[in-house]
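Take a look at the structures listed below.
Two complexes, one shared chain (subunit A), two partners (subunit B, subunit C).
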Partner chain A sequence: MIPVLLLIIPLLTGLLLFAVKNEKSAKNLALLSSIATLTVSLLGVTYMKNAGYLDYDMEWMPALGSRFHVRLDGMGQILCLLTAISFPLIFVATYYNRYKNAASFYALMLLSQAGLMGVFIAVDALLFYFFWELALIPVYFLCSIWGGEKRIAATFKFFIYTFAGSLLMLLGLIYLYFKANQSFSLEAFYAIQFKPGQDTAIFWMLFLAFAIKMPIFPFHTWQPDTYEQSPTAVTMVLSGIMVKMGVFGLLRWVVPVVPFSSWQLGDRITIFALIGLIYASLVAIKQDDLKRLVAYSSIAHIGLMCAAIFATDKSATQGVMLQMFNHGINIIGLWIVVDVIEQQFKTRKISELGGVAQKAPALAILLVIIAFANIGLPLTNAFIGEFMMFNGIFTSKATAFNVVFTIVALVGIILSAVYTLNMIKKVFYGNTSELTSAGHDISFNVKLALSIIVVLIIVLGVFPKPMLSVTNQLSDAILGRMYLKN
Partner chain B sequence: MGNIIQLAWLVPLFPLIGFLINGLGRRSLSKGAISFIGSGAILASFIVSIMIVLQVKSPGFTASQGVLKMFDFISVDKLIIPFAFQIDQLSSLFLLIITGVGFLIHVYSTSYMHDEESEHFGRYFAYLNLFVFSMLLLVMGGNFVIMFIGWEGVGLCSYLLIGFWFKNSDYNDAAKKAFVMNRIGDFGFLLAVFWIIAKVGSVDFSTVFAAAQSLSKTDITIITLLLFVGAAGKSAQIPLYTWLPDAMAGPTPVSALIHAATMVTAGIYMIARSNILYSLAPITQTVVAVTGLVTAVFAATIALQQNDIKKVLAYSTVSQLGYMFLGLGVGAYTGAVFHVMTHAFFKALLFLGAGSVIHAMHSEQDIRNMGGLKKQMPVTHITFLLGCLAIAGVPPFSGFFSKDEILAGAFSVNPVYYYIGVAGALMTAFYMFRLYAMTFTGTFRGTHEQEHHLHESPVAITFPLIVLAVLAAIAGFAGLPEVFVENGHALEHFLAPIFAESAKLKHANHLDHTTEITLMVSVTVLILITIIYAWIRFSRYRKTEADTKGLARVLENKWYVDEIYNAAIVRPLNAFSGLLNRVVEKVLIDGLVNGVGKSIQYGSRQLRLLQSGQVGSYILLMVLSILAFFALVFFTKK
Partner chain C sequence: MNAIILSAIWGVAMMFSGIFLTKGEAIRAAAILGLVVLLGVNIAELYGYRLFNIDTRGMLSFNSFSLVFNAVLFGCTLIYFLLSSKDILKVGTNKAEYFSLIFFVLSGVSIASSFNTLLMLFLGIEIISIPLYILTGSDRKNLKSNEAALKYFLMGSFSTGIMVMGIALIYGARGSFDIAGMNTAMQQGLNPLLLSGLLLLLISMAFKVSAAPFHFWTPDVYDGAPTVFTSFMATIVKAGVFVAFLRLFDGAYGSMSDKWKLVVVIIIAATLLIGNITAVFQQSVKRMLAYSSIAQAGFMFFALFSYNDLSKEGLLLYSAAYCLATTGIFAILIKMKDYTFDGFNGMGKSNPLLAATNTIFLLSLAGIPLTAGFTAKFYMLSSAIKTGTYGWLVILAVLCAAVSVYYYFRVIQSMYFKEGDSQRIEVSSSFRLGLVVISAIIILLGIFPQILFYKLYF
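Here is the complex of A and B:
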C-alpha cells in the first residue's frame, strides 16, 4: 500500500488545492501534504528492509495489456525518498515567496510530485508513460504562468523538446509492447529475445527520449533557458528531481531492456556524455547569471552519470543510483541560495554582487559547504557517488577506452573547482557592491532548509553504507541482464 | 598504560570537537574560551600522540596491532574500503610533529590574532582545528582513500585560511589558486587510486604493498608517477609550486602551519608511506629525484631576490621540499622524513619569528624597510638566528644533519645530484642570512612611527619561538650519522620497519668514511663563508631607489612563471570557454535547435499557402504533380 500512498497523497491534495482560495492555507496545506508524503516514504524504507521490495498490482486496462503495477525497489526507493524530501525542503525554503494565484501554483507542484512518484515506481510501461506526462504537464504551466520575462519562449522550447522526446518514447514503448506479446509489463519487456542488431532502432528511440530529459550534449540547450526563466521553486523540482527521470529511465527502461545495443553503443554515448561534461564545465566558467551557472554545472554532473551508466559496472551503477539522490539534494541547496540572493538583491548577475559573506555569514557558510559538496570533496555525499562512478568507469569491461574516459571525466573535478570557487569568490567574498551593501542574513526557514541539506550532505558522506546496500540487489539484477546477452 | 593505540581515534577527534565548538559558538564564546578550546584540543591530541609513540616504541609492538578499523566506509561488490587508521612508526612520528608544532602555532595565534573581531577569531580557530584534523586523518589513514580524505581536507582548509580575510580580492585569488592547483595534483592521486583498485582490488596499505612485487613494471611505474603528481601538487614542486608563495595571503601563523606542520609535508609522507612502490619503480625514482633537485635550486634562485620576509621563507620552503623529494628519489627515505621533522621545527620557528617581526612593524613585510631590529626584539632575534643557522645547515644545528643525510644519499646514487644540491644549499645559506642581516642588523630603515612602536612580542608569541628554537637547535641529534657515532641514528632505527622492504632492494652503496667526512667538512666551510659574506654585505644595506637589472630583475619577478602560466594556460582556457559560450553554445547548437524549429514553422507557413482556397491553383498543382510523377516514373524506369 505504501507505493500507492506515495501517489495518492500528493495527487489528492493537489486536486483539492485548486478549490482553496486563501493563499496562506494553500501554502500550509501543500507543506503538510509534502510532510505526510515524506513520512510515508520513510515508513517505506523500514518496511522494505524486511520485504526487499514493495509491490502493488491491480487490474487497469486489460484490453491494452496494461496493469496498474507499481513497485518500490532499491532505485525507486532512493528516488522516491529524494522526491519526498525535496518538496518539503522547497516549500520551507520558499515559504515567503509570493505567487499570484498561489493555490493553483501549489496544486500544480503537488500534481507534478505525484507524477514523479509514479515515474519512479511504475513497472508497467503505459503507466510509466502516463506518470511521465503527469509530472511534466504541470511544469509547463508553472513555467509559462509564473516564470520570468522570457518565459513563453523558454517554455516553448522546453515543451517542444520534451514533447519530441515523449513521442519517441511512446513509439519505442509501443514497439516493445508488440514485441512482448502485447504486454506493457517490465517483466515482459525483459523477456523479449532480440536478435543482435534488431534492437538498435528501439535503443535510439528510448535513449533520445531520456537523453533530452537528462540532458545529454548536444540536446541540452533547453535547460539553461528553462532554469533561468522558471520560478526558482520549479527550477528546484526540474533540476533536483526531474532530470533524474532521464537517468532513472535509462537504468530501468533502456539498459536492461535492450542490453545488446546498450553494450554496443555505449562507447559512442559515453563520448558524448564526456564531451558534455567538459563542455558544460567550460561554459559554466563564463556564466554571469547564477541560475545558468548552476544549470551548466548540473549538465556536467549528469554527463558523468550517463557515462557511468554505460560503463556497465557494479561500482558505477550503484554510484549513479546514489548520486541521483546526492545531486538532487545538493543542487536544491544551491537553488535555495540562488533564490535567497535573487529575492534579496533582485538580481542574479554575478558581476553585480559581491561581499555577501559580510552581510549574510550564515548563508555564506552553508553555501560553502554545499558548494564543496557540489565539487565532490571527500566526506560530503557527492564524493562517494563520484568516487564510485570514476572507479566504475575505470574498471569498466564494456569499453577499451576506460583509461581515457576516466582521465577526461577526472578533468571535470578540476574544472568544477574553478567555476564553483569563482562563483563563491565573486558573490560572497570581496567587497560589497551597491546592491549588496544593504544585505541581511537569511531568515529562519531558509536556514532550516539549508541546515537539513548540510546535515544530509555530511551524514551521507560519512556513512554511505545504508544507501549503498539499498541498491545492491537491483544493480546486480540490471548488470546481470547486460552480461547475460553478451 | 594499556593499549593506547586502540584509542588512537581520539587524536583526530579532539580537533574535530574543537572545530565544531568554536565554529558553532564563535559568536557567543569569549576570545579566552575560544583560545582555550582551540589550543586545548590540540594539546590533548599531542598528549595522546606521545603515549602512542611510546607504545609504538615499546618492543612488543607489531604492525598488525596498529590497524584500527572503525566502520565500512564504502563497500561495493568485492571492493571494501574501511574507515581505518594505521598507527605505526611513520604515522606516529608525524602525529607528534603535527600536534606538537600545531599546538605551538595555536598558542602563538591566541596572541597574534587577538585584534580580530570575536566572531572571526572563532572562525579562525575553527579552521585551524579543522586543518589539524584533516592532516591527522591524512597521516593516520589506513588506506589510500582515507588518506585522500585528509589530502583534500587540507586543501579545503588551506583555501579557507588563505582567504581568511575574505574582503581582499587578491587573497581570494590566492586561495582559489591554491585549491585549484591542489586539485590538479589530486587528479593524479585519484587516478592512481583507481589504478591500484583495478590491479590489486584493494586500497589498504598492507594489501597493496604486499602485492607490489607482483605488479608489472609498467603498472607500478604509472601508479607511482600518478601518485607523484599528487605529491607535487600538495608539496609544491615544479610545475605545481606557484600556489605556495601566494598562500602567504593568509595570517602568518597559518603560513607556519601550512609550511611546517601540515599540508606541504603530505606529499613526502605519502611517498615515504608508499616507499616500497617507489623502490620498485626506478624510472619514477629518477623523476622524483630530478624534480626535487630542480625545484630545490630553482626556488632557491628566486629566494635570492625577494624582499618580502614571508616570500623569502615561502620560496625556501619550496626549495627545502625539493631536497626532501631528492631524498625520496635516491632512496634516502629516512633522510627525507628526518628533514621533514627538522624542517617542521625551523620553518615553523622562522615563520612565527617573521610574524613577530611583522606584528612589531605594524604589518610591514618588506625587509628593505627593516633593519637593526635585534635591539628591540632580542628573543625574536636570537630564535630567528637559530632558525637561520638550522636551515642553512650549520653544524651542529638540526638542518645540518638531515640535509647532509639527503645529500650523502644523493652522492651515492649520482655525484651530479650532490654537486647541484650543494649549490642550492649555498644559495640557501646566502638568502637566509641576507634575510637575517637585512631584518635584524644594520640600521633601522622604516618610518619613525614604526620605530617608535617597536617592541618585543608578548609571551604567547615568544614562548613558542623559544621552544621551537631549542628543537631546531638540537633535533639533529636524533639522527647522528654513522661516521660520528655508531648506531647514533635513533630515528633510522625507529623507522626501520617502515623502510625494511625497500632497504632489501637497495644496493648497499655506502660512502667510505673519509669521503663522507671530506665532503661534510668542505660543504660546511663553504656554507660558513657564504654566511659571513651575506652577513657582512647586507648588514650595510642601504635603501636605493634604483631598479634591479638583468638577471636580478628576472629573479625578483620569479622567472616570470606566473606570467607564463597565465599566458599559456589561464588565458587560453578562458578564451576557449568564452568561445564555447558565445559561439558554439549560442550560435551553433542553439542556432541549430532554433533553426530546426524555425524551419518547421516556415515550412508549415509555406504549406499553408498552398491551401489558398482558389480552385485554379489546386488544378495547377494537380497537373504539375502528375507531370512530375510521370517524369519520375519515366526516368527511373529502367
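Here is the complex of A and C:
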C-alpha cells in the first residue's frame, strides 16, 4: 500500500493543482502534499516495513506480460525517502520565490515527484519506462517555461539527449523481454542466463540511457546549460534526485541483469567516469558562475559513484546507495544557498560577490557545514559514503587497476576541496563588494530548510547504521548475481 | 459486407442530396448520420448480424481483423466529421459531393481490408484513389490545389499502371487472381514472373502509402490540397492502404520472407530517414505534417517487415493512434490563419484548451509514454525485435523517433514558451468536446492498449 500512496498523493494533488487559481493556496497545497508524502515514506521505513505493506501487484497489460508491480526495497526506500524529504525542503526554501502561473508550476513539480517515485518503486520494466518518461516531461516544461534567457535551446538539448537514450533503453528492455519468456518483471530479467558476449549490445543500450541521465563523460554536455537555465527549484530536483535515477538504473536494471558485460566492460567505463571526475573538477575551479560551479561539482561526484558501481564490491555498492542519498541532500543545500544569493544580490558571478559572511553570518555557518559535507570531511554524511566507495574501489576484484583508480579518484576529491573552499572564500569572506554591501541575513524559511539539511548531514555522518542495514541485503543480492556469472 | 454496400449507397444518396438539401447544416447532419449508421452496421457484423448475404465467390472475406480495422477507421472518420465537417462546407460550392466522395473512399477502404483476389485489391485501391484526386483539386480557384490534383493524378495513374502490370504478371504465372495459394506457389520454386509481379505490386502500394523512394508526390499534394482534405488523406486513407498491404502479405508474401525482406528493409530505412530529416527543415506546419506522415508510414511499415501476431495488433493500434492525433492537429491547424511555426506562438495563453489538446496529439505522434503513440511504437518495435533480424534497423528507427521529437516539439515550444500575438480562435463547444474526446482516447489507449484488441479474438 505504501508505494501506491507515494505515487498517488503527488499525482492527484498535481493534477488538482492545475485547477487552482490562487497562488498562495496552490503553494500551500503543494507543501501540504509533499509533507503528506514524506509522512507516508517515513511510515514505510519505520512502522510499516513488512513486505505486505511495501509490495503491490496488479494486472495491467496481460497481452504483453506487463504488470503494475511496485515494491519498496532497500534502495527504493532510500531514494523514495530522499525524494520525499527533498520536495518539502525545496518548497520551504523557495517559499517566497514568485512564479507566474504559480499553480501550474507547483502542479508540474508534483507530477515530476510522482514520476520519480514511480521510477524508484517499479519492478516491472515497462512500468519503469513509463515513470522514467513521466519524470522527464514535467521537468521539460518547468525548465522551458520558468527558466532563464536561453532556456528553450538548453532544455531542448537536454530533452532530446535523454529521450534518445530512453528509446535505446526501451529497445534493450524489449530485447530482454523476449529473452525472459515474454515477461517484464524484474525477477524474470534476473533469471535470464546469458552466455558470455551475448549481452554486450543490450548492455550498451541500457547503459547509454543511464549514462546520459547521470551524466557520465562524454555525455554530460547538456547538464551545465540545463542547470544554469532552469529555475533553481527545478535545478534542485534535477541534480538532487533526477541524476540519481541514472545511478539507480545502473544498479537495478543493468549490473544485475547483464552481469557479464558489466564485469567485462567495467574498466572502460570506470576510465570514462574518472576522466569525467577530474575534468569536471578542473572546469569547476575555473567557473565564475555559481550555478555552473555546482553543476560541474555534481558531475564530478556522479563520476565517482559510477566508478564505484563497476568496482563490483560490497562496500562500494553500499557506499553508492548511501552516497545517492547524501549527495542529494548536500547538493540541494548548496542550491538553496545559490538561490538565496541570487535572489538577494541578483547575480551569480563569483567575481561580483564577496564578504557575504559579514552580512549573513547564519547563512555562512550553515553553508560551511554543507560545503564540508560536499568535500566529504569526517563526521559529515558524505564521508561514510565516499570512504566506503574508496574502500570498495581499492579492494575490488573486478579490475587490475585498483591502485590507479583509487589515486585518480582521490585527486578528484582534493580538487573538490579546492573549488568548494575557493568559492566560499571568494563569496563569503574578503571585502564586501558594491552588490553585497547592502546584504542582510536569511529569512526564517531558508534557515529552517538549511538547518534540517545540516542536522541530517551530522546525524547521518555520526550514525549511518540504519542506512547500512537497509542496504545490506540488497547489495548482497546484486553482487550475488555478479559472482554467480563468473 | 454491410459496410461496403451501405457506404456506397450512402455515397450515391449524398451525391443526389444536393438537390434537396441546400443548407450546409442539413448536409452535414446527413453525413454524420450516415457515418454513425455505417459504424453501427460494421460493429453489428462483428457480432454476426449480416444485412446482406451476397455470394462473392470467395473474392471478399470478412474476418474479425478487417472488421475491427474498419471500425477503427470509421470511428476516426466520424471524429474527423465532427471536428472538421464545417470546414469541408467552406471549401467550395459542391458541398454534398465532398461528403459523397468521402463515403466512396470508405467503401474502397472496406474492400481493401477484405479482398481475397488481386482483382478486388485493385478495385479497392482505385476506389480509394479516384475520389482523392477530385478532393485534392476541389478548391478550383486555387492554383496550388489544381497543381496538386494534376500532379497527384499523373503520378497516381502511373503507379496504378505499375500495379496492373504486376497483377498481370502474377496472373500470367499462376493463371489465377487468387492470393490464397500464392505462398505455396512461391515455395515450389523460383518463378521470375511471379516474383517480378509481386515486386511491382509492392512498389505501387509503397507509392500509395507514400513510402520512400516513392514519396515525392506527398509534400506537394498534401500542401496543395485543401487542408481539411489533407487531413483525411494523410490519416484514414493511408491506414486503409496499409491494411490492404498487410492482407496482401497474409496471402501472398508471408512465407517467403527471404525474397522480399531486403526490399522492405531498404524502403523502411529510406522512409524513416527521408521523412524525419526533411521534416526538421520545414517552416510550415502543414508541410511538416506531410513529412511526418511519411516518417510515420516508415514505422507502420514495420508491421510488414516483422509480420507476426504482434505486428497485426501493432498496425491496428498504430493506425488508431496516428489517425486520431493527426486528425486533431489538422483540425486545429485549419482554424489557424498562419500555417508557419510562428503562427502558434503564444497559443498556450490565448487558447489554453486548444494548446493543451494539441500538445497531447504532438506528444502522441512523438511517441511519449502514456499516449497511444507510445504503445503503438512499442508494439511495432517489439514485433520487429521478435523477428531477431536486422537489429540495426530497429536502432535506426528509435534514433529517427528521437529526431521526430525535434519537429513535433517545435510546435509545443511555440505554443507555450514563446511570446506571440496569437489571436483567440473562436471555436464551437462541440469542437472543444471533440478535441477533449480524442485526447481522452489517446491517453486511454496509451495506458490500456488491449481494449482495442478485445473483439479481435473473442
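Everything below uses one rule, namely that the second predicted complex is superposed on the first by the 479 of 486 C-alpha atoms of A that agree within 3 Å, B and C clash if a C-alpha of one lies under 4 Å from a C-alpha of the other, contacts with A are read in each partner's own complex, and residues count from 1 in each chain.
Assume a residue touches a chain if its C-beta (ideal position, glycine included) is under 8 Å from a C-beta of that chain, and two chains touch if they have at least 3 such contacts.
Just so it is clear, the structure is predicted and the values come from calculations on it, not from any experiment.
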Touching partner for A:I152 - first (subunit B), second (subunit C), both, neither: second
Partner chain in contact with A:I137 - subunit B first, subunit C second, else both or neither: second
Which superposed partner A:Y129 touches (first subunit B, second subunit C, both, neither): second
Contacts of A:L282 with subunit B and subunit C, given as first, second, both or neither: first
Partner chain(s) touched by A:N391 [first = subunit B, second = subunit C, both, neither]: first
Broader residue contact with subunit A after superposition on the shared chain, subunit B or subunit C: B
Which superposed partner A:A63 touches (first subunit B, second subunit C, both, neither): second
Contacts of A:I160 with subunit B and subunit C, given as first, second, both or neither: both
Touched partner set for A:Q318, first subunit B, second subunit C, both or neither: first
Common interface residues of subunit A - those touching subunit B in one complex and subunit C in the other: 160
Contact set on subunit C toward subunit A in their complex: 313, 363, 368-370, 378, 381-382, 385-386, 391, 394-395, 398-399, 401-402, 405-406, 409, 413, 416-418, 448-450, 453
Complex contact set, residues of subunit B against subunit A: 71-77, 79, 119, 145, 148-149, 151-153, 156, 159, 163, 166-169, 172-173, 175-176, 179-180, 183-184, 186-187, 190-191, 194-195, 197-198, 573-574, 576-578, 580-581, 584-585, 589-590, 592-594, 597
Subunit A residues touching subunit C - in the complex, by the definition given at the top: 61-64, 129-130, 133-134, 137, 141, 144-145, 151-152, 156, 159-160, 163-164, 167-168, 170-171, 174-175, 177-178, 201
Subunit B partner contacts - residues on subunit A that touch it in the complex: 157, 160-161, 218, 221-222, 279, 282-283, 285-287, 314-315, 318-319, 355, 357-358, 361, 372, 377-379, 384, 387-388, 390-391, 394-395, 406-407, 410-411, 413-414, 417-418, 421-422, 425, 428-431, 462-465, 468
